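What follows is a pair of complexes built around subunit A, which joins subunit B in one and subunit C in the other.
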Partner chain A sequence: MTVSAAPEAALSVLPRADGSAKYSHAGYTITASVNGPIEAQRRDEHPYEAHVDVVVRPAAGVGGTRERHLESVLQSSLTQIILVKNFPRALIQIVLQIESTPGNDYVNTKLFQASLNFSIMPALFQTAVLALLSAAVPMRATATASVVAVVSQDKEKKLIVDPSAREIEAAQSVHVLAFTSHDELLLAESEGDFSVKEWDDVYETAKKICCQPESQKAGIEMVPDDDNARGPDMRQFLRSTLEEKVAADLHWK
Partner chain B sequence: MATAAPAAPPALGFARPTFAKLSPHPYLLTNLTPQSPSDTPCRTNGRAPHEARPMHIHTSSLSHAHGSALVRTGDTTVVCGVRAEVLPVSSIPQFRPRTHLSAHNASETEGRGELKDYDLLVPNIELATGCAPQFLPGVPPTTLAQTVSTRIYSLLHSCRVVDPADLRIWCDPSPSGAAAGERDEKMDTDDNEDQREQEGEEENQPQLMAYWVLYIDLLFVSFDGNPFDAAWAAVLAALRDTKLPQARWDPDREMAICSSRAKTTPLRVSGLPVACTAAVFLKKEHAETATSTTGENNRHWILLDPDRLEESLCGETVTMAVDCSGEGGEVRIKSIEKLGGTVVGRELMRGLAGVAEKRWREVRDALGVNV
Partner chain C sequence: MPREAEPSLNERQFVLQALQENLRLDSREADRYRPLEVTFGDEYGVAKVSLGKTRVLAKASAEVTVPYADRPLDGVFQIATELSPMASPSFEVNRPTETEVLLSRLLEKTVRRSGALDTESLCLVAGQKCWSVRVDVHVLSHDGNVIDASCFAVVAALRHFRKPDTSIEGGILTVYTPAEREPVPLGWLHSPFCVTWSYFGEEGEMALLDATRAEEQVRVGSCTISLNRHGEICQIAKLGGTPVEAVILLQCTAIALTKVKEFSAYLDKKLAEDIKRRDAGGRSAELTAENDR
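Showing the complex of A and B:
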C-alpha cells in the first residue's frame, strides 16, 4: 500500500462539465464534476436560493446509507460557502466519484459498510471545493478539511494526522474538522471516546493544518521544519493548485 | 424582512398559528426577542432557549420483541423494538472460525470487528409512517431516515454498547459443557479449564456455531423535530430491556435450541451515552453573511432540543453524545456532529458539553438508571 504523503490535484480534467477536479491524498483518489447553476427540478426549487445537490458514488457498487450520510454532510457544509442567494431557483450539482480507497488487509472487505467513514470526508470535501473553484461558482469562502486520530501510546495521547485505516481502527477517537478561509469552524465530526480537553488539542492541530496564516508561508525559508512535519498545509495547497492552473491557462499570453 | 418583523404589531389580525405558517422566521424571532429587558427570551413552544423537552420512557411494551421501548419527548414519539434472530456461522461468508479460548483472549478491537464484519447489529429507521407532513407514507426511505440510521449504527459500534460475547452461541460437545449450558461464564471455572487441557482434543473444545443478530427497528409514531436524540434514547432503552433466550447449538439437528421464554438472560449494555442536539437560530433570515463581523444583525440563539418549526429555520445543528457513567462521573464525549454553519466555534462547543452533561442526567433519570 503506497500512500502519497503530499496531496495532489488537477483542475478541469473533464471537458464537458462546467468544472471538475481530481484529487488524491492519503490513498484516496476522487474525481468531482460541478455543473451549475442549472435549472432545478420542481421539487428541489427554492424561491430564494440555489439548491446544492451532492452525489457521492462509491468506488464499487451503488451508494448505500453511508453515501447518503456523506452527501447530507457535504451538502449542508457546501451550501454555507457557496453564495446560494445569487442563484434563486437554480441547482448546483456536484458529483463526486471515488476512484480508489486505501485498502486495509486486516479486516474483511465488504462492499457495503454502513458505518461512518471519517477518513474519506476531507478528501471528498477538498475535491468538491476544488471543483467548485474550477467551475467558477461564486463562493463566500473556500474551505479546507483534515482528519485527525487520537491514539493512546504508552499511556500518552498522540495525535495522528491523516491516519491509515489500521490506525483508525486502533484509535481512541477520530475527528474530521473543516475550516473556512475566515478561520471559522465549518464542520466537526468526531467519534470515539474523548474529553473536552482532547477535542481542544485536536482542534488546534486541525486548525494548524487547515488555516496557516498567510505571513508564515510568504518565504520558503521561514517555514520551520517541525511544523511541516505535522501535516500538509491545506490552504497553501489550495492556493498553489489554483495558481498553477491560472498560470497554465494564461500561458498563451 | 427580518428587521421589520419586531416592529410588526400583533394587532395585524392574524392568529398566532397563521402568523407562524405565513412567516415562520419573523415569528420565532419576535418570540425570542424580549419586549422589555426584564423578560427572558422564550421560544414559540414556550421553552427557554436552553430548555429541553422532558423525556418519557416506557419499556417492554411490545410483547413479541425481545426488548422494546417507547420514548416520548414533547411531540416526538419513537417506538423501538429489538428482535434477536439466530445466524448460523455456516451462512456467513468470510467467516473466520474462532475457538473458545481465542474468543476470550481477543483484544477489544477484534471483538468490535466481529460485530461489524458480520453485521450483528442492524438498526433501521422508519419515518414514512405519516408522523409528519413532510414525510409521505409509503415511499422509499428519505435521506433523513438513512442519515439517522447511519449515525445510530455508527454510535452503536463506536460506543461498544453491546458486548459480542453476549451474542455468541456455542456448541459444546463435552458432556459437562452441554449440561452447563452455553453461558461462557460457566466455562471459565478452573476445573473446566483443567479438564480441557487434559483432554487437549480439538473436538472437545466448544465451537462457535451461531450468532444472535439484533434487529433494532425504530418507528416514528409522531415527529416533531430532533429525531436523533429520541431515536438514540429509544435504542438504548430497548437494548437495556432486551432479554435473550439461552441458546445452545444442537449438533445432531444442526440448529440452535433456545430455552423457554421464562429462562432468559438480560443483554449487558455497557455505558450510558446520551445524545443532545442543539440548533443555531440566526437573526438574519436567509443568512448569507454569517461572516466574522459580529454586528447586531448577526445575533444568534442556541436552541436546545429543537422542534420541527425550529429545525426548518435553523441551518446549523450540533449533536453531541456524552457519557458520564464512567469512573468519577467525568464527561466523556462519544460523538460530535456539527454541520451547516459557522457560528459554533470552540467556546460554544465547550459550553455545549456542559449542557449535554445536564441533559445526560435528565435522560438517566428518565431511564431509571442508577449509575
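Showing the complex of A and C:
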C-alpha cells in the first residue's frame, strides 16, 4: 500500500452539504461535511452562541469511547476558532467520515469495536477546518495540526513527524498539536511517557510544520534546508488548497 | 435536527407536469440510470459508488469470533447501515429514520437472505470459531435511489474483499497476517442487485428508474426488485403506495433484468481491472496460497 507523503485535499466534494472536504495524508483519508448554521435541537440550544456538533464515524465498526473522546477534543478546539457568538441558538454540524486508515500488515486488527488511533487527530482536525472553510462558516482564524512521535533509538530520542502505525507502536509518546494562523497553540494532546524537555522539542517541531512564515511569496524559491524538509508545510498547504478552489470557482470571471 | 424540506407546490407541479410530457428534470429516459461509477480503494474491500450525485461508500471487514449456538456450522455475516447527517441534515445520529430501516432491511433480504455469501465457508472450527464478516455502508450524499447504489456498493465491496488466510494444524488455528500470507477472497455464490422503480400519476401508470431526490419526493409509490444476472429474483418489495397494475410490474421486472445484466458486466469489468492494477509485477499467482477447487 502506498502512503502519500504530501497532503492532498479537495473542497466541496459532496453536492448536498453546505460545505465539505476530502483530505488524505499519511495513509488517512477522511471526508467531512459541514452543515450550518442550522436549527438546533432543544437540548443543544444555547441562548448566546451556536452549538458545534462533531461526529466522528469510523470506516468499519461502531464508534466507541475513543471516538467520543476525539469528538469532544475536536469540538472544544473548533468552538474556539468558529465565531459561535454570531449564531445564537443555531447548530453547526460537522461530520467526519473516516474512509481509510494506514494499514499495518503485521497485525490482524480487531475491527468491530473500532478503536481509533490517536494519530488520526491531525487529519480529522485538518479536514474539519477545510470543510468549515468550504461551508463559509465565519472563523476567528484558520488552524493547522500535526502529530509527532518520540521514539528512543540507540539510547537517543528521535522525533518522527507523521509516524506510521508501526512507529506509533514503538513510540514512547505521541503528541498532537494544533496552531491557529496567528501562531497560537490551540490544541496539545499527549499520550505516553515524556519529559518537559522532550515536549519542548516536540512543540518546536510541530510549530515549524504548522506555522511556517510565508517566505516564498516574492517568487524566490527558497532552498529548503534539512530542518525544514522534515515535514510538510501545513499552512502553505491550506492556503494553496483554498487558492486553487477560489481560482476554479471564479474561472468564469 | 431540521426536517427535510418538502417540495413546494410549484416544484411538485413542475416535476409532475414535465413527467406527463415524458420529460425528466435531467432529460433522461424513463428506464435510464444516471452514470454509475465504482472505484476501489487501496485496501481490500472498500468500494465507493457514485450514482449521479448520490455517493455511497461500503467497507467490508472480517474477524474471528464464536459462531451462534444454534448455527455452529455457519459464519456470521452482517450489514450495518447507518445514515449520518452527512447524507442529509435531517438524519440524526443514533436515531434511525424510516429510510434507514427500509434500506437495511432491503439489503438484508437482497444480499444476506439470498445466500450471496457462502456463510458455511466462513466456519473454521465447528461450534467454536468462525469468521464474522461485516459490511459498513456509509451514505455520503443522498440524491435519490440510495437503495440501488448501496446494494451495488455492498456487492462490490464483498467481491473485492480478501480475508486473512488461515490454517488448522493439530486443532490449533493460525490466522496469518497480510505480511505472512496473501489474503483470500470470500466464497461468493451469486451477485444480486437492486433495481428500484418509482411510480407517478394517479394510478401509478408512469414508471421511472433511478429517481432523483426531487422525483422521490413526489412519487406515489415505489417497487424494489432484487435479482441476479440469471434472472433469479431474490425479493420484490412494494411497500405501500398506490397500487400498480400487475402488467406494469411484469414489464418492470423484465427491464430490471437487463439493467442487472449491465451492472453485473460492469462490476466484473471493474474488478478485473482492479486485479490487473494490483498485479503490477505479475506475481499474484505465485503469492496466493489458495487451492483451485
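What we mean here is this: the second predicted complex is superposed on the first by the 237 of 253 C-alpha atoms of A that agree within 3 Å, B and C clash if a C-alpha of one lies under 4 Å from a C-alpha of the other, contacts with A are read in each partner's own complex, and residues count from 1 in each chain.
Methods note: contacts are C-beta pairs under 8 Å (C-beta built on N, C-alpha and C of every residue); 3 or more make two chains touch, one makes a residue touch a chain.
Here the structure is a predicted model, which means the values were calculated and not measured.
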| item | value |
| --- | --- |
| Room on subunit A for both subunit B and subunit C (clash or fit) | fit |
| First (subunit B), second (subunit C), both or neither touched by A:Lys85 | first |
| Subunit A residues touched by each partner, larger count belonging to subunit B or subunit C | B |
| Cα-centre angle that subunit B and subunit C span when viewed from subunit A, reported as a multiple of 10 degrees | 100 |
| Touched partner set for A:Arg140, first subunit B, second subunit C, both or neither | first |
| Which of subunit B and subunit C A:Ala10 touches, first, second, both or neither | neither |
| Touched partner set for A:Ser72, first subunit B, second subunit C, both or neither | first |
| Per-pair minimum CA distance [subunit C against subunit B, superposed on A] in Å | 5 |
| Contacts on subunit A seen with subunit B and repeated with subunit C across the two complexes | 107-108, 110 |
| Contacting residues of subunit B [partner subunit A, same complex] | 94, 96, 109, 113, 116-117, 119, 143, 146-147, 149-151, 153-155, 157-159, 286, 288-292, 315, 330-342, 344-346, 349-350, 353 |
| For the subunit A and subunit C complex, residues of the former touching the latter | 1-2, 14-17, 29, 31, 33, 35, 38-39, 41, 55, 57, 59-62, 93, 95, 97, 99-100, 103, 105-108, 110-112 |
| Footprint of subunit A on subunit C - complex, ascending | 1-2, 41-43, 46, 53, 55, 57, 59, 61-63, 80, 82, 84-89, 93, 132, 134, 136, 138, 140-143, 164, 175, 177-179 |
| List of subunit A residues in touch with subunit B within their complex | 48-49, 65-66, 68-69, 71-73, 76-77, 79-80, 83-85, 107-108, 110, 113-116, 140, 169-170, 175, 180, 182-196, 199-200, 203 |
